[in-house]
Amino acid sequence: MIFARRSRVPSPFRLLFSRAVTEPREERPPQVAGVHLHGSLQLRHVDVGSCNGCEVEIASALAPHYDAGQYGIGLVASPRHADGLLVTGVITHNMDGPLRQTLAALAQPTVIVACGDCAVDGGIFRAAPGVSGILQDVVIPDVVIRGCPPHPDDIVRALRRVSGR
Amino acid sequence: MTSPLYSVIVTLVQVVLAATGGPLLIGLMAKVKARAEGRVGAPIVQPLRDLRKLMRKERLHARHSSVMLPLAPMVIFAATTVAVGISPLVSTRPLLGSSADIFVIVYLLLTGSVAAALGGLDAGTAFGGMGSSRAMTIGALAEPALLVAVIALSIQSSSSNLTTIVSATLAHPDWVFGPSRLLALGALGIVVIAETGRIPVDNPATHLELTMVHEAMILEYAGPELALYHLGEAMRVSLLFSLVATLFFPWGVATGHSVLALVVGVGALVVKTALVALAVALIEVRSAKLRLFRLPELLAGGFVLSVLAVVTGLVTR
Amino acid sequence: MGLLGLAAGFCAVAAMAAAFLARRARVVVSSSLGALGCLLAGASALVTLITGTTSTFYTSHLLPGAGLSLTLDPLGAIFILATSLVGVAACVYCVSYAHGPMASRAAMTLFMVFVLTLLVVPAASNVVSFMFVWELMALSSLLLILTDQSRNDDSRSAALWYGVMTQLGAASILLGLLLASRGSASTFSAISAHAAQLSPNVRSFAFVLVLLGFSSKAGAVPLHVWLPKAHPAAPSPVSALMSGSMVAMGVYGIIRVGQGLLHGGTVWWWVAVVTLGVVSAFYGALHSTTSTDLKRLLAYSTIDIQGLVLIGVGAAGVLGDSGQPFIAHLAMMAALMLVVAHAGFKGALFLSAGAVERATGTRDLDRLGGLIHTMPVTAFVVAISACSIMAVPTLSGFSSEWLLLQGLLHGFNDSSTPAMIVMLLGVISLALTGGLTAVAFVKAFGIGFLGQPRSTGAAQAIEVPPTMKIAMLWLVLPSVVLGLVPGEFVGLVNRAASSALGKTSLEPLDHGTGLVLAQLRGAVQPAELFMGVVGVLLLVSAANRLLEQRRARRVDAWGGGRDVQTARMQYTATSFAEPLQRVFADVLRPDTDVEVTHIAESRYYEQSLMYDNRVNDVLEQRGYRPVINLVLRAGRLAQRLQNGSIHRYLAFGFVALLVILVVLA
Amino acid sequence: MNTTYVAVLELAAGAVLVSAVMTLWRRNVRSIISMLSLQGIALATAAIVLGWHEHDVALFVTGGLVLVVKGLVVPGVLRRVARLDPRSRESRPLVNVPASLVIAALLIVLSYVVTSRITSLAPSDATRLVPIGVATVLVGYFMLVTRRRAVSKIVGLILVDNGIALVTFLLTSGVPLIVELGSSLDVLLVVVVLQFLMVSMVHHSDTEQLTEMKALHD
């Protein structure tokens, strides 16, 4: 697998005409939760109480090496713009309200992605003090990404299944 | 082909070009930036895909918002569409070409900015107000440079009608490399970057509310209204880019009534505008975002360049 | 002329009705009579403008000395038209607005006198009648400022400033006119006929005196200080008339004396006028962006627009002098059109400010918000008028600013040095003020009418009664008509401009419904542009209906996931303008105090935070205060001399006598 | 032929003025010096084009001299000086940047207004451009007055000199005496620069800001 070359000063010519090298296209994945996204998936990331391990991996998934952006996947600032939530961590007392607010602010239809073991079933923090519950107590996630933390490849693969590209 | 029919076709072609080409320009710039950063980047058609998706989503209105919230994107879209429709971008004979006054275009763009700022204030949130305040501040500081640069162009052809300016430039190719034109180009370049919210003035890709300008105004928009907003903004970008391209490099603009010239005009416009977009993207890659309170320096620089353009225009007349 | 006389008669009867009728009937009867009078005056002005005729009226009875002499020509008519537009609205508005002090016998009488004088000033045609009506206008408006006793200190200080400035101005005008008339010629036509015989220096001196007086009335910086105090202090219909019409009388005076009586004079007169305009436009626009009191914002914006008018008038003078009659004509037309447009939108805005104050109890934008839900008609009026003042295409502000821009642009054809300076300065100040005006009025509408209410007063607002709505909507008409079909109106302005520049023949100007300057290859067809915009809007809403989701779901505003969101978290007017205030801190010199109180236990936690931000008028603070202090100190000195002892007074007389004798010897 | 001459001359004169304004605009000393270099090249171009058009060998040679001295040598020396100082920004000018830009605009208008009357006495393609030279002088003088750093002050001085040179080229094309005067001014300038260099070496440590030098003096 060859990755796009980092060049300090980009040549406009090269920028325009070099071909993007991508992974071989997989079979078209099934639609999730009835959302027809046609290769455009914007998510609002909510960290409800994560150790930041998942955040590092999400950042890598969007960074040059894994580059989820090339499949039309991105994070956005406002839940109004988002097609769903990307939730990491167990729900702490302080983040319970904001999570519900964010859920309420989403425009339907939505997809909820639980990223990392903590978001899926509470992981190692499940019984920790200050934790009020796990994501399932608030909303049932449509997509589950296992791992502590999940590998960026897994994140990208899962999200591509949602976006359909 | 008869003249009125031809004008209608020209206008339709321009509007369709801007409506599809605008998002593509945004996509192109994102692609160039991505490649410069070593990423593959989203495909150029990504903005169109996003629009298609947003069209099918739900409409949401904030509880305290008024009719302004849905009205703002409509006004931006309508004002920009009319501006695109009457400007001589593909041919010098669009509909209402006699009204294609450069001040009309400037004030139509201003109307769009005003609608956007009011839309940002409508929901009554802190971030919306912040975005509107900043956008209006930048707009107010960019306005002088824009208007004076535009006047520098008009003085040269002693008319403020865009069609006249374009035809006059075609007739006097030596104007293009005159100092007045180049200075006005510099000033307009700064203004275009400010008005389209690109780095170093604003970062369209920021996720942090406190650093937002334009993004903060649209935090409340969702679904079809967001789609229309994005489309209007994209058309605005394409209008500004193609105006710069057409005013400073008018070659290729169809002057007659033939279909062939029209096709050539479309091709020339696409190429020129894409080149402008490429230049802007490269500027974005090479520069860091300026602090909000360093912006007056940049925009004052644009203003001085435009005054210089007027003065050198008078000197070399 | 007959119509105007009838109109003046109606106003006089209205004033008498106000003086003699009982409280209930007083307001309704005098207001409707006044409105009728204004309508008639408007009709007479229109007739004059359409036919282009000049008519006169003279009687030696009404005034002692030279007698009352009135002449109605197209130049005066356009100002009467502007006045009558605002006058009708102000009178109708009064029917429901007048209560408490405004409904008093004195206030209503003075109000009608004020309207009457405003209608007559542009027609007065000899020195005595002009000065008489002018002073009556100043006096009645001065007393009207004092009606609202609830803001005692404010209105008293405003009245003091206004009284001093207007009296000094009137004295200056009177001196100038006397100088121009050489003490003998009394009627304006006589002065005009003999003006050529005056020596150039005398003429210039007379013009400078007159310019000082009139530009103070027009609110030109640095003689503007009374304006941002007087406009907010006056009751709203009065401030609408003051801003829409009385301030324009200053411009009228400059045109009438400079062009009409003294025949244009020399170039530097008009360069001076343009300079005043440039400074006013920029200063007014800048202060209007940082004002948070709605009426104060409008007052500073009046200074801004009057600055633009003065730029047009001055440019016309300069170009007329350097042999560009057509462009000069164009600039004058732009200025006059702006006067009428300004009367419309600023009148509407002041009336709306009154409506807002009545409904919420405050004019402070920092305490308003969300009024679009409770006061939709007022919100509509403010939106349209604000758009017009921001020069949004297809509204009146745009039409007139477009004409002004064309005048300045083609003024560059003239290569004389003064013309160059004037055009460059004019263009630059138009460019600078355009953006600032947009900020000011986005702030006024966006903070005041959108979002959530910031005080209980704003939350409990109810829409004003129908007559007030009608009055405000009436003043939206000029914005729309002059904006959409300026061509229909250009002919009238054209005639007024010819009369202003003392020409008998009209410049050729093609006009349909739009603005077409065939000679200059410039044209705008606002009606067609508007149809384009409406067409696109219709298409979009039709497309909207095709989408699956038609109705929007109401949800809480997105505040970044915060649990508690209150209206106090919104941006306020102060915070909205803060970036610009910082950028222009060198000009505005704001006073900002931050006071932090820490809690007792720790310095790291704050108990309360006070932020105080004031933008005072720098010119008032640094220019006028020192002079006033000097005068006060001199006064105190004089006080020491006067201790009431009759011996000392006699001694003064004796010393004076001695001094005179010594001087004579 | 003639139009090319006019176009190049206008462009060169315009470049002189723009680079002057750019020196006010930019804070980074290195980019200020690059602007100066650009200005030297533009000035040289103007001289060479004029010399070529007027068939004036002296002017032509002067142009070459200007190219070498002002386009290469002086900026090179300044660059070396600037390298001695680690702080490469004009941090706090006496008049802030936006204000100085607006003032520059006014200065340009002023110079146009003042000189247009003089140039209209003998209008030609070259004399029409005199206001640009005068504007450059004013902008340079303004920079000399308002900038704190020694390097910026030297740049201001050179701007003044370049402006004067442009005016002399435009007005007196063909008079060798004046031309020689111009080039000798350049030599003088190099001396000043060298002297400055010495001063800067002496106060090497931390005292390059002239205000601080004054503090030392006290």
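Note that the chains are named A, B, C and D in the order they appear, and that numbering of residues resets to 1 at the start of each chain.
Operating definition for what follows: a residue touches a chain if its C-beta (ideal position, glycine included) is under 8 Å from a C-beta of that chain, and two chains touch if they have at least 3 such contacts.
Predicted model only: the values in this text are computed from it and were never measured.
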{"item": "Chain at the geometric heart of the assembly (C-alpha centres)", "value": "B"}
{"item": "By number of C-beta contact pairs, the top two chains", "value": "B-C"}
{"item": "Whole-Å gap between the CA centroids of chain B and chain C", "value": "35"}
{"item": "Centre-to-centre distance between chain D and chain C (centres being mean Cα positions), rounded to whole Å", "value": "47"}
{"item": "Gap in Å, rounded to a whole number, between the CA centres of chain B and chain A", "value": "33"}
{"item": "Whole-Å separation of chain centres (CA-atom averages), chain A against chain D", "value": "56"}
{"item": "Chain D: positions in contact with at least two other chains", "value": "98, 105, 109, 112, 116"}
{"item": "Where chain A touches two or more other chains at once, by residue number", "value": "78, 80, 105"}
{"item": "Sequence positions of chain C contacting 2 or more other chains", "value": "420, 424, 428, 555-556, 558, 583"}
{"item": "Chain-chain contacts as defined at top", "value": "A-B, A-C, B-C, B-D, C-D"}
{"item": "Of all residues in chain B, those that touch chain A in their complex", "value": "31-32, 34-43, 46, 49-50, 52-53, 56-60, 206-209, 212, 215, 218-223, 226, 278, 282, 285"}
{"item": "Residues of chain D that touch chain B when the two form their complex", "value": "3, 7, 10-11, 13-15, 17-18, 21, 25, 97-98, 101-102, 104-105, 108-109, 112, 116, 128-129, 131-132, 135"}
{"item": "Residues of chain C touching chain A in the complex", "value": "555-556, 558, 561-563"}
{"item": "Partner chain D, residues of chain B touching it in the complex", "value": "174, 177-180, 182-183, 186, 296-297, 299-301, 303-305, 307-308, 311-312, 314-316"}
{"item": "For the chain C and chain D complex, residues of the former touching the latter", "value": "415, 417, 420-421, 424, 428, 583, 586"}
